[in-house]
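Multiple structures are listed underneath, in structure tokens.
Common to both upcoming complexes is subunit A, partnered first by subunit B, then by subunit C.
Let's look at the complex of A and B:
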């Protein structure tokens, strides 16, 4: 703690404009960061993490204002500083790494030009010097072909590589502070571990301080010296990483920590008949074959988790089962009866038996329809209810998903929280009284606490209604929590398929092993240990 | 590059298909008109015998489809047929007129497009300042005025010149501007950001409008016979004189097109300024001007090129009214005259040329817009 203070925030208040009103986003937060220190900011979405991180650069997004407090960077007050003063600091002494590298790189310029822009406008280096530095930094963040990769355009580079290139770009001017805003949230686990390693190595070699923003506790445990927990724009708790992980003080922090302890209700040991069988299915988009000879099955009242990274064909499998993408070969068998490949040729009873819940509840609900309309439509279509009976059915559905019918019946999706929207998505699937529900990454867009609530709800519904789930996810923690059996997919093929206990215990298939070992642990030494184990 | 050529090839193919469809529409629309070409030519001299003879000579007794095909064959071979009125080959008549129209379009484009892009970029750079609001208000007013009206106003100011009270004509302009402003203000009300500038400008124009009736401001001007209101032009008019004679039609076209192009440029750039990579650039300490020119503009080209192409197409095909007002000897004027004289073959030819210009420009815009997309320029 001998290092001098680099960044000091005192009583920072930030407000956002909603119509004519200014609502508080940050309600008076203190933050101290010393030179070379890595501070983790965690909290759920809407907690104000990004807003606070950006405020460290004296930056506020459109429609926001800093309404109080002081932000001092190396003795210089940033609140009320002139634009020119702030511009001289940004990029030069404080740099930013954004969540989505794909969106934050300019598509019109190659990587190295965007790298050199910083040093050149800040007058630190000319083009050739800064290009040489770029190559050195690309090497440091372990990008392949560091000499030439900079001359590629953002769309020619993968997401994980872009995120590393962005870390390199942030370090171009050797800043004193880098703000990392959820830099690995959009990545697959196997990619995430590479990016985490690159960031940690680069930060420690440069000796720069960092603010690391994330909602993932296990990630922050690897990166930060100290952790601050934010909620509703307030500081909940602050402590050194190890103490925070081993002995959280506040109830909210403890609840965050305990999320990963959820387990679905154990099923009876019997081996029920298969409800759905996928037999040798091959499916393609045009000439591009996405699924190669897939076979698996889902038993009545059980949950099958389909895991794999993006591009492994998980969602395509769902499209093939529902008939949205008719398979080229193979067949889908439901209750011993082969279903028509194309959903248009399936009868009403076949259609109602399989329902879907989607990843992003915001776009899966019609924003112009009330909750009652959204639920009444499938109920009327599939079960032929009308009038009073239909109203009662809607109320029953709402009660089933723990939402008060009187309160929520007439609401529009815009008036619901993310978790409530996902509950409506579940109720809409239930309205058809299905046998099988395909859950496509249903918790990925939600905060951990909210996601846990959804998982608990799905578990209870399975018990009450004897539902089967096909649970598509890239999150192995979710798989551990809910699955009875697991299908591991890679490049459109099934790598492993079996009961959860069997898939998750050694010996593993090499790919399953890679997936499992890439999931961060809450243990702060996990990253170091894993990297050493991999050599 | 290869994919780009293939793309240009497919667009060209579709462009030709479009033109063939247009030629069918033009030919058969004219077919639908009452009377036939023979009657048009003979007029009052028509007797059943002369009509029959002429029809035979012109091949009018053939089925329409055969006549269409022979017309199409002629066009493909560069023969647009002969004028019904003068009997001269249409190609010779059209070529000079087309040259004049292209001259005026080029003249207007050279002024209007750089001006519009410059103003659009500036308005985006200084958005929501008084500069932006003033430009927006003025251009909104220019869009709202019909082009013949702008043309006559310009003639009033620059060629006729007058020393009587100007309050009346000014009041009419003010009425138009006020209508445009009202739209803008109502829009601003909805989003809750009514600007003082708009209200001030509105008040000024209201004053001018009222002045048209009450005459409390003695607005007069000296005679200004500085620019010709008729664009006389012949084969031997030299370049300087051509420029001078076409200043007023050019100004009219500039006023009409700049507003639209500028507003679309601004809107496209402002749209892109919301992108995460712009926030990233800001957080790298990039100055605002560089953000606009290096980060935003290269990504705004595709929509801007489309707007520019539409503007160019308008400058060629939409000049009919402006040419008529200034009696400018262009293709539009020829079209108007030919319609009046019932010179059907000439009308067909003019329409086809306009359509071809329109299709060609849009096709080029498509290709250029796609060519500025880095994903196509630098494939994986």
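Let's look at the complex of A and C:
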């Protein structure tokens, strides 16, 4: 720890404007970063980790202000620094890598031109020199064909490649500090591991200091030398990575660490009759065939998890089952009866039996309807209740999802937290009294603690109501927690299908093996070990 | 059994806005800029004139009460027109004629255009294509020429005037409503409604319409101004509101020549049109601003 201090924050306070009031976002946080050190910032959404990360560049989002404290970068005070002073630092000495590379690149220019922008603006290099450096850095972040890939446009490379190109771009001026804001959150596990490896290699080779922001503990364990846990704009705990992982001190940190221990209630060993059977389903969007001859089944009262990376066709399978995308071939059999391919041709009872819960609760609930309206409509539509009986049913549904009816009945979705919204989404599905609920990535948009609450709730409801779930997810931790059997999909085909214990224990299909080994462990040596094992 | 921290995270009541919609509106109104307050006062004056035209106007609308082209005097504050009718009284009656027609026309154009637009967005397919191309054809013809053409075919009654302007305007409203609704119909709550077998009318009015209402309201204010200008323009060309009924457009035309004699008579109705347009736009701009700010 003899390295000199690069970034020093003292009592930083940041406030955000809501209406006429300023509400605190960061409530006085201290942060010290030495040269070449990687600091992990973790916390749930709303903890203020992105705001703090941006403050390291002296930047605040629109509607925010830094209301106190000091931010010193290499001895220079950033709070109250002039625009020109900040401009001289940003890109040159402090760089930023955003979560969504796709939204951060300008789609109208090729990668290498955007790479050269920084060095040219800061007068470090001319175009040809910086292009030569780009090739070297593209090589360092392990992009394929480093010589030519820069001349492609953002839409011509994959998401993981784009994220690596952005990391290379952040390094263009050889900055002293890079702020990584959830750089792998939007990526599949198999892509994530490549990006993590590339970032770690590049950072250590150039001796750059980094602030690595994420909500994923296993990821931060691979990347950071030291971890800071934030909650509600306060620092909860700070320690070296290994000590933090082995001996967390605060109750909140411990709860974060224990999240991944949830296990669904074990089911009896019997082999219940199949409720839903998918028989040789082939489906296509126009000429593009997305599902190839899919067959699987869901048993009554059991959970089937469908896993695969983005583009594997798992959401399309849900659309085929619900009838939104009528299959070209094959059929969907529910309880021994073949369903009409198109949902418009299905009867009310068929529609009622299969309900959906969506990934993003914000778009799944009508923002102009109150919770009571959202729940009452399907209850009335399917069960014909009205008046007092309908109101009681709404209250029962709210009680079922652990929300106090008196408090939540008259609220609009905008007045609910993410987890509460997702609970309302579950209650809306329950209102129809379905047999099968299709859960489409229901926990992906939620923080880990909240997600665990949702999984617990779904598990309890399954016990109480004898529900069957088709659980679509890309997150293998979720699969381990909830599934009775697992369907692994790749390129629209079923790679493996069987009971969880069988799919998750060797020998694996090669793709399942790749998928399983790409999920980070909470062990700081996991990345190194995995990369070595893969050669 | 649920984890204590989980319960805390997920069930902590959020700070909820307890103020009613009316109170919130009042709070926002109090913070509104001067232009909005000015516009509200002006609109209130217009409203009083429209409602109580018969009581306020000193002379009847079409009666000849004095010599022609009298200059302003105590009895006739704006003088008289070519036939000797009191100009001030005609200004007041014109407010009633023009504004009422504009409101009715805008309502009709929004009912037709808005409903079809939402329907086209929700259903998609051939209906969307059919309506879209039909509207393209109508929009390809310059609106004023199109209105003139229809008016000369069907005659210049007030009813025809309203229907024709409403039709021409409905094409723009259709475009707007469809574009806004396209962003709403892809939402999963609409999918959920369709998947549970809800009827089309229910889906459109309960799921789609409430989420498109804010931009549509703003468009309503703007369209109202345009209708108003169209009527004035048509009247100026002699195909709008027919004499002897008073309206501002006609009054500009009839007295336009006076401007070369240093008379400001034609400027009064022109100013009345301009002022109303500006004030409505001020308020619409403000409504747009606060509704986008409230959308969370």
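In this section, the second predicted complex is superposed on the first by the 535 of 535 C-alpha atoms of A that agree within 3 Å, B and C clash if a C-alpha of one lies under 4 Å from a C-alpha of the other, contacts with A are read in each partner's own complex, and residues count from 1 in each chain.
To be clear about the criterion, a residue touches a chain if its C-beta (ideal position, glycine included) is under 8 Å from a C-beta of that chain, and two chains touch if they have at least 3 such contacts.
Model, not experiment: these values are computed from the prediction.
When both complexes are overlaid on chain A, the residue A:239 reaches neither subunit B nor subunit C. By the touch criterion defined above, A:103 reaches subunit B but does not reach subunit C.
With both structures placed on the common chain, the touch criterion links A:156 to subunit B but leaves subunit C unconnected.
Comparing subunit B with subunit C, the partner in contact with more residues of subunit A is C. In the overlay built on the shared chain, the residue A:407 is in contact with subunit C alone; subunit B does not reach it.
In the superposed model, A:81 lies in contact with neither subunit B nor subunit C.
In the superposed pair of complexes, A:385 makes contact with neither subunit B nor subunit C. Shared interface residues of subunit A (contacting subunit B in one complex, subunit C in the other): 20.
The residues of subunit C lying in touch with subunit A in their complex are 2-3, 5-7, 9-14, 16-17, 31, 187-189, 191-192, 194-198, 206-207, 210-211, 296. Subunit A contributes residues 19-20, 54, 57, 59, 61-62, 86-92, 95-96, 98, 100, 103-110, 117-118, 121-122, 152-153, 155-156, 169 to its touches with subunit B in the complex. Against subunit A, the residues of subunit B that register as touching in their complex are 192, 274-277, 279-287, 290, 294-295, 298-299, 374-375, 378, 380. Against subunit C, in their complex, subunit A makes its touches with residues 20, 44, 251-252, 255, 322-324, 343, 346, 348, 351-352, 356, 358, 360, 363-369, 377-378, 381-382, 402-404, 407, 411, 414-417, 419-420, 423, 428, 432, 447, 449-450, 452-453, 456.
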